[in-house]
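Okay, so chain A shows up in both of these, paired with chain B first and chain C after.
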Partner chain A sequence: MAAWPNPSEVLGKPATRLDAEAKVTGRAKYTYDVQPEGWLYGMILRSKWAAAKVTKIDLSKAQAMPGVKAAILTGGENRTVRYYGQELAAIAATTKQACLDALRAIEVTAEPLPFVVKEDDAMKPDSPRVFEKSPNVSDPSVREDGHVDDAMASAAVVCEAELRTQIQLHHPLETHGNVVWIQNDHATVWASTQGISSVRDSLNGAAGIPQSNIQVLCDYMGGGFGSKFGAGAHGRIAADLSKAAGAPVKLMLNRLEQGLAVGNRPSSIQKVKFAADKDGKLLAADVENHGSPGIGGGGQTAGGGGGANISMPYIYRFPNSRSKQFGVALNTGASTAFRAPGHPPASFSTESMMDELAVKLGMDPVEFRLLNDPDGTRQEEYRDGRDKFGWAAKYKKPGSDPGPIKTGVGCAGGTWGGGGGGTKAEVQINSDGTVEMRCGTQDLGTGSRTVIAMVAAEAFGLHPSDITVKIGDTNLPPSGGSGGSSTTASVAPAIWDTCQKALETLQQQTGVADARGANWSDACKKLGVTPLSAQGQWQKGLSSGGAGGVNFAEVEVDTETGFIRLKKIVAVHDCGLIVNPLTTTSQINGGITSGIGYALYEERVMDRYTGLMLNNNFDSYKIPNIADMPDIEVILHNKPERGVIGIGEPAVIPVAGAIANAVANAIGVRIHSLPITPAKVLAALGKVPNVTTV
Partner chain B sequence: MSSNPSSLPTVNRRTFLKSIGTSAVAVASVQVGAMADEINKAAGPGPQGPDAVPITLSINGEKKDFQLEPRVTLLDALRNHGPLTGAKEVCDRGTCGACTVFIDGKLTYSCMKLAIDAQGHEITTIEGLGKNGQLTAVQQAFVDCDALMCGFCTPGLVMAATALLASNPKPTESEIKRGCSGNLCRCGTYPHVIKAVLKASGATVTETTTVTNYGSVA
Partner chain C sequence: MNSFQYVTAHTPDEAVSLIGKNGRYLAGGIDLLGEMKDYIVSPDVVVNVKGMSQPTELGTILLPTGVTNTANCQIGASVTVAEIAAHEDLKKVLPGLIEAASEIGSPQIRNVATLAGNLLQHSRCWYYRQPDIVCLKRGGDMCHAHEGENKYHSLFTGCACLSPVVSNLSVIFAALDVAIKVKRAGKTETLSIAEFYQEAWKNPQTHNSLNPEDFLLTASIPLKRTRSAYRQVSEKSEFDWAMVSCAAAGNVANGKITNVRVALGAVAPVPYMVEAAHHFLEGKSLTDENASKAADLILKDAKPLAHNGYKVPLAHTLIRRTLLALNP
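Presenting the complex of A and B:
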């Protein structure tokens, strides 16, 4: 079985990114920046109704306007639309302004229908139905082990609460979109995507082009967080516009469309009841969750990436447990995978209830977790993080700080699957010693381009900057999508294998016993005019799945204003073999930042009366700012024998739970819903009336 | 609302003032003619558009001629007519800073400025920062500290950090937070941005990541 070198020269040492210079100078070309000769702007007309029966869409005025090169319908004229933002028609024109004018000139005749955009409303028996033929609330998915009711009755302590998590929007800074150029029977597609192959797959047959004639390119992309797989409805629309106009069409969504139509993290309303015996051992869990994937799943959610089901109870072992999961349909855009789908809401609710049990039992929350967490990795992390955080000195009885500004601490844990596979790669080595690695993966900003160079440099005894890396092109050897924290675990082993095969061939062709490092240049000179080419693929033994992580948080809560100031977060993560500690730290900082938004600021707000989204840009949908950053201490647990694993998703999972626990520890009252806003803090303290859903 | 640019009404301040002047000609032609000239001068260059008009911008030290509708923003002009794509369009509403440029050395959200209003001013974009392909100290510090992930916010943050250090060469951490708070990042690079700006200012940057080596996991 393949193995990583030990010790290593390049792996495990901080390396700056191969593409950092292109990014700091503005030279990096994103899909948004691609401008093929004769390109047109593409824009979509979307439903302004939350539900309506459309009877006529008149494009004639728009078609006649100056600069307009194509005007198309994106579906039939006679159809039912089910959410604010659903695609109706599209325009391609020579300028942004011409597109905007033409969109305004499209006349849509429609009869508005009853709609529902709030979970609590949709769950009422007399609610309007999102889908005429099925109720809004799906049949539950049920899992039951042991004897929950008996265990609850015999337990020494029981805690019960309804916990709620909000709809969170991905909002990558580069919105979703593509540049599509249909020429004869070929399509060239520049895509802002997490999976170039998935874009090609989903465009199969679009504008009549077979999959083999579609080339998808993605050199740089501005963030995805789970939402950028496939070409999307907007991708197929861009293809149709390009065919109709006979020119390349750039169709990038605007910020409003980004929030409406390309996915979100589903909500949850969790009725949770946990029980423990008098010694603090967990006995039973009873969970009922109603979560909404919007119109996704047709009212029936199957869980996983886009569904609203969550894995409850989370991480701890309960001898008796029951979980019922219901999907709630709404007249809102469908949910999709969002960084660790299902995990942050499960961690938040489970860890909140764990702290409530610990308080009732009079136990230290970390000790209570060490007693009940079955995972050895997290046990190590709790012990290590507790010391570095200074838990023993900081933890005190909830709400016991004197004065109006109170500090508090909390902790929480998470788990993730990950793992790698399914990647091929190719290397070309030239007689001047230059090396080009080729792999059909993509770099989301996680640093996969740099990982490839580092692995090749390790294999050849070179420096990462000596390696040219070609990625983001479906004409390269295939790799999978960058989701599930699987990219590094998929790509690094394939690059290593490719390089080992190249070294064997190099030795055979040149007779140089060890061509690496100092011998590289001389060995390559002997190659002559034909470059060496070698192919390889993912191999067992170089990567693994399964990751655990824990967070410790310290907050300061102003009980007069409700304002929460984050003071410190310590994040401890199992990282397997750390390829690049510098970019790994960036990933964890990023997960923490995203988790802070989920815990304190972010929430999509729908208007019950119009069905519209009310916070459609960054002035009203608040994402964390640099000024919101606490002191962050990242602790990487290096376990090289595990091989390469992923860290993108594990990093976000425990953040909200740890912050929520710290807030409860500070003020002595628990806030059961995210985001924890100043209004909710004041309501929890009895200083203002409780704000229910608007 | 349907709108056809060529059918927009053309009544405006200048034609209104002119019409007053014309009707007054019969009464006292000489003085009123002089007065109308004054009024026209005070009213500036007069109405522009809605069709494209010639616009000259000075970008990174070079004059460049455009033919743009007056409603075109500076960001749109730079990116789509420049084409200088370093400044990014993210919110198009002056909330995220991804489109940040300097106008006469002052930080400006180019999505909130019309190109026509940027005439007569010196515009500097991210492309105009380094000299002869050399990175600036701020750019090099961003590279060294990994103060970027996907990189879409990076040009804007580099501009903001550059402006901060120009006015405050030795900022504290809280001054950096304040100085860069007009720029949003969704990947969460902020902790490394703080380090990069400290490093570019010549301050000592401490490592806050610990690598702990562990044995096998069952």
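Presenting the complex of A and C:
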């Protein structure tokens, strides 16, 4: 079985991103920047209704407008639309304004239908149905182990609550989009994607192009968080527009569209009941969850076709457990994978209840977790993090700070699979010693280029900056999508394998016993006119799965204004072999940022009466700024013997749970729904007159 | 956006002559351009009023040396928020103004946004801003906030529109009793802050009392109140609208407050003031108890909605804290 070198020269040492300068100087070209000769703007006309029966879409006026090169329907005229933002028609034109004018000239005849956009409304028996033939609420998926009711009855302590999490939007800073150029039976696609192959596969057959004739390119992309796999409806529309107009079409979504039609993190309404014995050992968990995937991805079925289930009960070992999970269909855009799908809401509710139990038992929350967490990795992380955070000095009885401004601390844990597979790579070594690595992966922002260069540099005894890296092109050896925190664990082993094969060939061919490092250029000179090329692929032994992480959070809550100031977050993570501590830490910082947004600020707001989304701008869909960032300390537990695992998703999981626990510890009252806003803090403290909250 | 004519004016008179019935003045452009792009407003003429060199007062902060009770500080309409926020001498005499200016937007916005633009800031109500909703303020037939998502809406209003004023400067200017000089129908008129906003209290389709052709010239700030303060609470630490803001100004001598004025922002279509609170405070010590009683008086008529009840305790806290900040 393959193995990583020990000790290593390059792996595990911080390396600046190879493309850092290109990115900060603007030389790096994103899909937004691509401008092929003769390109047109593409835009989509979307449903203004949450539900409507469309009978006619008249494109004739739009088609006749100056600059308009194509006007198409995206799904026929006679049909039912089921959410605000659903695609109806599209325009390609020579300028942005021509597109906008043409969109406004399209006449849509439609009869509005009853709709429902709030979970609580959709769950009522008399609610309008999202799909006429199916109820809004699905049958539950049920899992039961042991004897929950008996265990609850015999338990020394029981805690019960309804916990809620909101719909969170991905909002990558580069919005979704593609530039598609169809020429005869070939297509070139510049995609803002986390899976170039998935874009090609999903365009297969679109506009009659076979898979082998589609080339997808992505040099740089501005974030995806799980929502940028495949070409999407907007990508297929761009292809149709390009074919109709006979020109390249750039179709990038705007911020409103970004919030409506390209996915979100499903909501959850969790009725949770946990029980423990008098010594603090967990006995039983009973969970009932209603989550909404919006219109869902599973066809016109009850509950929107699934996709909203969460990993409950989370991480702890409950000898008796029962979970019932229901999907709730809504007339809103479908959910999609979002950084650690199913985990952050589960961590939030589980860890909230764990703290409630600890308080009832009179136990220290960290001790309570050490007693109940079956995972040795997290046990180590709790012990280490507790000391570095200064838990013993900071933890006190909930709400016990004197004065109106109170501090509190909390902790929470998470788990993730990670791991890799399915990647091929190629290397070309030239006689001047230059090295080009080729791999059909893409850089989601995790630093894939740099990781590839580091692994090759380690293999050849060179410096990462000596390696030229080609990625983001489906004509390169195939790799998978960047999802599930699997990119580095998939790519690094394939690069290592490729380089080992190349090194062996180089040494055999040139007779240099060890061609690495100081001997590199002499060995390469002996190659002569034909460069050496070698192929390799992912091998077992260089990666594994199963990452664990814990967070500690410290907050300061102003009980007279409800304002929460995050003071400190300590994040302790294991992700096996750390290839590049700098980009690993960067991933964790990013995960914490997103987790802070989830905990305190972000929430898609739908209007019950119009069925429209209200917060389509960053002044009302609130993402954290630099000023909202606490002091963040990332502690990496490096475990080279485990191989590469992945960290993107584990980083976000425990953040909201730790913050929620810190707030409850500060004010002595728990807020059961995310985001934890000042309004909810004041309401929880009983300061709001006659308020109706949800 | 819809197409429009773009012209540059070099003097206020020229600007007024170019504006027509459906024109808009463009200074910082922070809000105007966003509204035009979202088809919320569609002027047929946009009159560029940046860089008018005459009269010089438009771009100037005039702070007399040797402050006396009768002196005023005059700030021109096109002075940027950043210039106000960074003015060291203003900080000494009008600390509340600096606090209010420093909380506007982000550094990038403050560098471009002007005094006039902030005072004339249009509603940020998310029904008003939603491109596919035509609400009452935009000429529709209903205010959706009454039964809808009204977390950020008004506690007090004299009309059917629930969107509150969100200009920071309006709130501190109300407390400082600022006079606004406006070119109107060929004459120069002076409006109090109450007059400047009163139309929005009663007419749901307005954001302030100015007519489209009125041209804002200067703000004149009396310096007779030597103590001033501004506090706001937003959901985020920076670059976020206030959920509630509060400004107070007055004189404090021997522990007693006189001439005090208190105004709330983001709770009404106008900077909200209650005279009874000023009368109550006159001559009293600035204690937490007195500040709290003043807050009770100011909030007496609050009508919380389903989702904005938190603004009542929040406003109460802010009134107390802002008043107590007047203590030297």
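Basically, the second predicted complex is superposed on the first by the 678 of 694 C-alpha atoms of A that agree within 3 Å, B and C clash if a C-alpha of one lies under 4 Å from a C-alpha of the other, contacts with A are read in each partner's own complex, and residues count from 1 in each chain.
As a convention for this text, contacts are C-beta pairs under 8 Å (C-beta built on N, C-alpha and C of every residue); 3 or more make two chains touch, one makes a residue touch a chain.
Every value quoted in this text rests on a predicted model; they were computed, and no experiment measured them.
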Give one of first, second, both or neither to describe whether A:K687 is in contact with chain B, with chain C, with both, or with none.
second
Considering only touches as defined above, state whether A:G421 meets chain B (first), chain C (second), both or neither.
neither
Which partner does A:P478 contact after superposing on A: first (chain B), second (chain C), both, neither?
neither
Check the residue A:N615 against both partner chains and state whether it touches chain B (first), chain C (second), both, or neither.
second
Chain touching more of chain A, residue-wise (chain B, chain C)
B
Just chain B (first), just chain C (second), both, or neither: which does A:L582 touch?
first
Going by the contact rule set out at the top, does A:T677 touch chain B (first), chain C (second), both, or neither?
second
Of the partners chain B and chain C, which touch A:D607 in the superposed model: first, second, both, neither?
second
Identify the partner contact of A:P624: answer first if only chain B is touched, second if only chain C is, both if each is, neither if none is.
both
From the superposed pair, tell me which chain A residues show up as contacts to chain B and also as contacts to chain C.
97, 617, 619, 624-627
Going by the contact rule set out above, which residues of chain C touch chain A in the complex?
1, 3, 124, 126-127, 129-133, 144, 147-149, 151, 233, 235-241, 243, 304, 306-307, 309-310, 312-314, 317-318
Counting only contacts in the complex, chain A reaches chain B at residues 16-17, 19-30, 32-33, 35, 61, 65-66, 95-97, 101, 104-105, 107, 171-175, 220-223, 225, 254-255, 376-377, 380, 384, 388, 444-447, 574, 578, 581-583, 585-587, 589-594, 617-619, 623-627, 629, 631-639, 641-642
Of all residues in chain B, those that touch chain A in their complex
1-5, 69, 71-72, 76, 79-80, 83-93, 95-96, 98, 125-127, 129-130, 135, 139, 142-144, 146, 148-155, 158, 176-178, 180-181, 183-194, 208-218
Of all residues in chain A, those that touch chain C in their complex
48, 84, 97, 100, 256, 560-563, 565, 600-601, 605, 607-610, 612-617, 619-620, 622, 624-628, 677-679, 682-683, 687-693
